[in-house]
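Structure below; questions to follow.
Should a chain be cited, it is by its letter among A, B, C and D, assigned in written order, with residues numbered from 1 in that chain.
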Amino acid sequence: MKKRGRGMACMWYPIGFTVAANPSAATVKVNTDGTATLLTGTVETGQGALTVLGQIAAETLGLATDDVHVVSGDTDVTPMDTGAIASRTTYVTGNAIVRAAEKAREILFESTAPLLNVKPDQLEARDKQIQVLGFPSKSISIADAVQHSESIVGNPAIGSATYNPPTVEMDPETGQGKPFNTYVYATQIADIEVDDETGEVEILKIVAVHDCGTPINPMLVEGQIQGGISMGVGFALQEEILFEEGRQINPNLTNYIMPTSLDMPELDVGLVDNYDPTGPFGAKGAGEPTAVPTAAAIMNAIHDAVGVRITTLPATAERVLGAIMEKQELEQAAG
Amino acid sequence: MRTLDYIAPESAAAAVALLAEHGEKACPLAGGTDLVVDLKHSPGNIHVLVDVSGLEEFRGIEETDEGLRIGSMVTYAEIMENSICLEKVPEVVAASHTVGAVQTRNLGTIGGNLVTCVPSADSAPALMVLDAEVTVTGADGERRMPIEEFFVGPRKTILEPHELLVDILIPKKNLGKPSSFYKFGLRKGQALALVNVAAALELKSGKIHEPRIALGAVAPTPIRILEAEALLAGKKPSIKNIEEAARIAVTESKPIDDFRASASYRRQLIQTLTQRVLSRSLEIATAS
Amino acid sequence: MLVELKVNGEPKSADVPPETTLLKMLREYLNLTGAKLGCDVGDCGTCTVIVNGVSVNSCLMLAARANGHEVTTIEGLANSNELHPLQEKFEEHGALQCGFCGPGMLISAKNLLDKNPDPTVFEVRDALSGNLCRCTGYTKIIEAVIDAGRVMNTEQANS
Amino acid sequence: MATRNKDIQQKTEELITVEESKAPAQQPLAIPTDNPVAYPLELPQGEARLRTPAVGQRARRPDGRLHGLGQTQYIDDITFPHMLHAKILRSKYPHARIVSIDTSEAEKMPGVMATLTGAEIPENSFGPTYQDQPVLAYPIARHCGDGVAAVAATSEQLATEALEKIKVEYEPLPAVFDPLEALEKDSPKVHGGDTNIYTSKVIKKGDVEKALKESEHVFHRQFRTQMVEHVPLEPHASIASWDGNGRVTLWTSLGRITLGREDLSRTLKMPQSKIRLIGTVVGGNFGGKNEITTEPVLALLSKKSRRPVKLVFTRGDEFISSTIRHPFVMDYTTGVNNDGKILARKIRLVLDGGSYCSWTGTTIGKGSILAPGPYDIENVLVEAFAVYTNKTTTGAMRGFGAPQVCFAYESQMDDIAHKLGLDPLEIRLRNGFSENSLSPTSQTLQSVALKESLAQAAERFGWKENQA
C-alpha cells in the first residue's frame, strides 16, 4: 500500500573557502559608445555565472546587461580568479567586479564633474547616464562621458580591483574563529509516497525556499535550485558508487542510477527576500546549498510515511523495505 | 570499436545464407541497442554484421486467422503506436513502453530483445502469458515453437548460428485476454528490471480459467510459473489463492544476488508483484 | 564504405569504415559537432539525432545503417532567419545550463512535438527520459517544451 | 584570398597523405569543405537584457543561444591538424608497487607517437592542500583509478590498443577500503607512516559533557553516506599544444584556470609565463573539475610528439579516476530539554578520504563547522577525521560535506521532535539561527534568513493546513 508522508529540512551554508584566501580579480573597461568589457578569470561551468557577473558590472556602471561583454577563462588575457568553486563566484568575483567597475566609474565622474559643474561625489551612474544625485535631468550619457574622458581628458575608463573575503583563523584547539564572511540559509519540504510492500519511494513534490541575498538574476537562481534538488534526489534515493575489493563495479550510467526526467517531481521554488550588505548589491551565492537539504527532507518524509528512520544513504527501495520489515518484526515481538 | 564488415542483404534467404557462410564470425544486426554496445566494449570474434532490420519478411504487424503476428524487426515504438496492439494486447504495449527510453524504443526491436535473451528482457513475460509462439527460419527451413522453448539460458536461445527469428504470433483466442504487466526497476526512466512479472487469465462462471503467470529477471531465462497456474486453474479467486500462487512463484524463481539487489529482496518483490498482477488481471476480467 | 545521407536537407556522403557509428560520421567526417559523445553506450542521450522521422542514439547506430536515410541534427533546427520555437523557448526559460545535454534534449523534444504538439507534463517527462541532465532538474526544460508546443500550435492555427 | 586558402588546404592535404602512409590507422582529418549550418545572426535576446537597473532582471544568458543551436564548443568539438589522441592505462590493483613499466612494444606500433610514465614527469605530485597525488602513479599506485602510463597515437582506437601492449609489473600491496578499518592501528597504510588519518578538525564550544548530563533527553544515532559521482554530462577533456617559443597552450574543461596554471607550472617545472590555459565552456562541473587531471600528461605527450594531443575521458574514466563525494560516518549525540531546546551536540565525523587528499581540507572544514546545524547551541563538540583508503579519490563536490551532515542533523531533529511530540517546524523555529546568532565557531552571523525560509516553505507547502 502507498503511504503518504512529508518531511522538512533546513540548512546553512557558507560562501567561499574555509578561512583560506580565495581572491578574485577583475578588470572593467568602458568603451566610447557606452558599452563595456569585463575581464574575469573564472570559467562558465553552466551556472550562468558570466551572465550574473555581467549584470553586476552593468549595474555598477548604470548600464543594461546587454551592454557588457564578458571575457573569461584565458590565463593570457584574464586576471587571477580562484575559480568556479565553493559557491563563491557571485559573491567574491562579484565584489571584485563592483570594485573594478567603481574605479572605472570614478574616472568618468572625475572627468565629467566639471562639465556638469558639480563635484565627482555628487554624481551617479544610472540608466546609461552620469547624472547629478537628486537632479537626474542634469546628466551626460555614459557614451559621451567615456568619449570625453578618453579623448579630451586623456583618462580612459578602466578599472581593476580584487576582493578576498575577510576571515579570522580558527583556533587549532577549539576551532573558534570566523572561517567565512557570510552564509546562506534554506528550507526544503518533500511530499512523498512510500510503497510499504516494495519500499519504493515516489517523490510527489518538493518545495524549496532559499536565501541567496539579492538574486542578481532570479531565473538563474531558480535553475540552480532546481538542479541542486535533482542532485539531492539522487543522493537520497539512488546514487552510489559500489566497490568490490577496491574496484568500482558500476562505473557507467546504466548501473549508476541518477535521476531521469521521470524521476524528478514537481518543484516549487521560492526565494527569501534578503540583502547582505557585504555582497555585491546584497547578493551572496546559490550554487552548492541547493543540493544540501534535499536528502534530509526526503528521509524525514519517509519517517513520516512509514515510521522508519533511514540512517544510511541512499534510501533504495530495498533498504526502505528492509527498515519497514525490521520495524514490523520489532512491533510483533513487542506484541 | 573493432574492425567490422557490414552487409545488408536483400532478403531473409540471403541473410540466412550469409550467416551460414560466415558461421560464428557473423551476427545478425537488428536495432543494435545491445549489440553495438557489446561490440564496443567486449572482446569477441564477431566480425561480420548482417543487417536484418530492414527485411520485409521480418516487418509488419497484422491480425490473421491465426492471431496477431508481430514481425521480429518491429520496433517497440511501432508496437506502442499500433492500434491493433493497443486494443488487443495492451500489456505487450505496456511492457514495450518500459524498455529503455524513446531513443531505445525507436531503434530496438521486439525480436532483437528476445534473441539477445537477457533474463530481464522486458517483452518476454507479457508475451509468454499470452501463449505467444515464435517462428524461426534458417538453412534447414522454418520452424515454430512456443516462446518458452525459444529461451535456453542467459543470453542463449534455441537459434542455430544460421537461424533468424521471423515473427511472434499471439494466438487469436488470447487477443484481448485480461492481463497485467509490471516492471520493477531502480528508477522510473531507463530502468533495468529487477523483476518483470505478467499475468493473464479469464473468469468462467466465476472461476479462474487458463491462468498464466510469467516472470523475467528472476531466473536464467524468463519463466512461466506452471505450478501456480495449475493451482489457480478452476478455482474461485480469493486472496488466499493469489497469495499462494505468488508464494509458488517465489519458490520457482532463482533470483540472483548482485549489486543491484539482494536475492531475498527480489523474492519479496516477486511475492508482492505477482499478487498485484494477478489481482489486476482479475479486476480486468471481472469488469469485462 | 561509402555512406550517403541527407543531413538537414542536404545530401552528404563520406567513405567510412563499416564499424563507424552515425555519431562519429557526423562529428568527424561531416564536421557536425552538435551531437555529443557523453557515454558511448546509449545511456545519456547527448548524441540524439532524428533518422527517418524517429529519434535515435547515434552512438548506437552504425552509419552504414543510416545509408540513404534522412538525418536531422541540432544544426538543422534553425534557419538563417529564425530559431526553431524550441530553441527560442529554451533560451527564454534559461532551460539549459552547461548546455552539453542541450542538442540531444532539443532533438528529443522536437521528436515529441512533431508527433504530439500539445503534450502533458508526464508525456514530456517520458519523451525526455533518455536524455540525462545533471544541471537543471529538468524543470525549465519541461516548461520550455510545453511552451514551445503552444507556440507551434498557434503558428499552425494561424497559417 | 580564395586561392591562398585553397593552397593551404592542398598543402594540408599533402601533409596528411604523408602522415597516413606512415600511420595507416590515422583518422581522416576533418577539413570543412562547406558551411552546412544555417542560423540567424542578429535576433535580439529579450527585453530583460536591455533594461536598467541590470540587477534583478531575468536576463537571458548569451551562451543559451549557442547551447540551443549546438554551437557551443566544448573541448571534444575542437580539433587541430595532426592532432593526436591520448589514453591512460590505469592501475590493475587498488594498492601496488610498480616494479617496472615497459612501453617499448606500444611505441613500435605504427601511429603511436609518444608514451609517458610517472618517472618522466618533472615534479610528479599535485593537490590543492597537500601535494600527495601523482600525475601518473610511480612507484606506488594507491587506487584502481591511478594512471600508470599514457599513450598518444593518431587515433583513439589505436591509443586504446597501444595501452594493451604496455607491460607493467606490479607487486600488490595490502589494501584498506573501509574508513573505520583504516583508522585501526594495524590497518595497511595508504601513504606509509603510522596512520591513515591525514587531516582532522575540532570545533569546541562550551562544555558538551556537562550539558549532555544535564539534558532531559539525550539522542544518539549513527548515520552513513555513500560515494557519489558528479556525472557532468561532458567528461573531463583537454588538448595540449606547443609553439616554437616553447610555450604550451592547454584547452581544458578545468573550472579554475589560474590555479590550474600554477599546478602545471609546478608539475612541469616551467615558468607560468610559458603556460596558457584556456577554459572553454565547461559541460558540467559540480566540483569535479576543480583539479588538474591529465593536463600535465598531455603537455608532456605533446612536447614529446610535437603535435597537439587531445584526451577526452570515457564515461568509465570519469567514474574511476576523477574525484567523487566523501562518504561520511557520523555519530550524533544531542541533549535537549523537554521543550525541545537543544543544549548540547557532540559529533564525530569520519570522512572516507579515498586515496589522495584533493579537496578534503575544505570538505572537513565545512563539514565540521556546519555539522551542528543552523541552530543556537551553546555546547558543541565536533571531532572530524579524514582517512586514506585505497579507493577513488574523494574531493570537491557541490556542498563540500554539507549534504552529508545535513542528512544527519536534520534526521535527528525530526527524531527529537517525534519523541517530544513537537511539530518539526516548531522545533526548528525554536532552535534556529536568528540575526546575530553565534555560530559553532562563535562567529556573529549576519543577514540570517533561516526562519524566513522555514516560514515561507511551510506556507508554500501548506504545512499547517495539511497536519496529519
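Assorted remarks:
We take it that a contact is a pair of C-beta atoms (placed from the backbone, for glycine too) under 8 Å apart; a residue touches a chain by one contact, two chains touch by 3 or more.
Predicted, not measured: the structure shown is a model, and the values here were computed from it.
Chain centres here are means of the Cα atoms, and by that rule the chain farthest away from chain D is B. Looking at A-D and B-C, the interface holding more C-beta pairs in contact is that of A-D.
Computed centre separation for the pair chain A/chain D is 18 angstrom, with centres defined by C-alpha atoms. Annotation: 29 Å between the Cα-based centres of chain C and chain D.
For this pair, chain B with chain D, the centres built from the Cα atoms lie 42 Å apart. For chain B, the set of residues that touch two or more other chains comprises 1, 101, 188-190. The multi-chain contact residues of chain D, meaning those touching 2 or more other chains, are 45, 58, 60-61, 63, 231, 281-286, 315. Looking at chain A, one finds that residues 45-46, 48, 219-220, 228, 231, 252-254, 258-262 touch two or more other chains. Chain pairs that touch, as defined above: A-B, A-C, A-D, B-C, C-D.
The part of chain B that touches chain C in the complex is made up of residues 1-6, 8, 29, 32-33, 36-37, 39-41, 49, 51, 53, 77, 100-104, 106-107, 188-190. Residues 45-48, 219-220, 222-223, 226-231, 252-254, 258-262, 264, 266-267 of chain A touch chain C in their complex. Put simply, chain B touches chain A in their complex at residues 101, 184, 186-190, 192, 259-262, 265, 268-269, 272-273. Considering their complex, residues 197-198, 200, 238, 242, 244, 249-250, 254-255, 257, 259-263, 316-318, 321-322 of chain A touch chain B.
Of all the residues in chain D, the ones that touch chain C in their complex are 27-28, 30, 32, 36-40, 43, 45-46, 58, 60-61, 63-74, 76-77, 230-235, 281-286, 312, 314-315.
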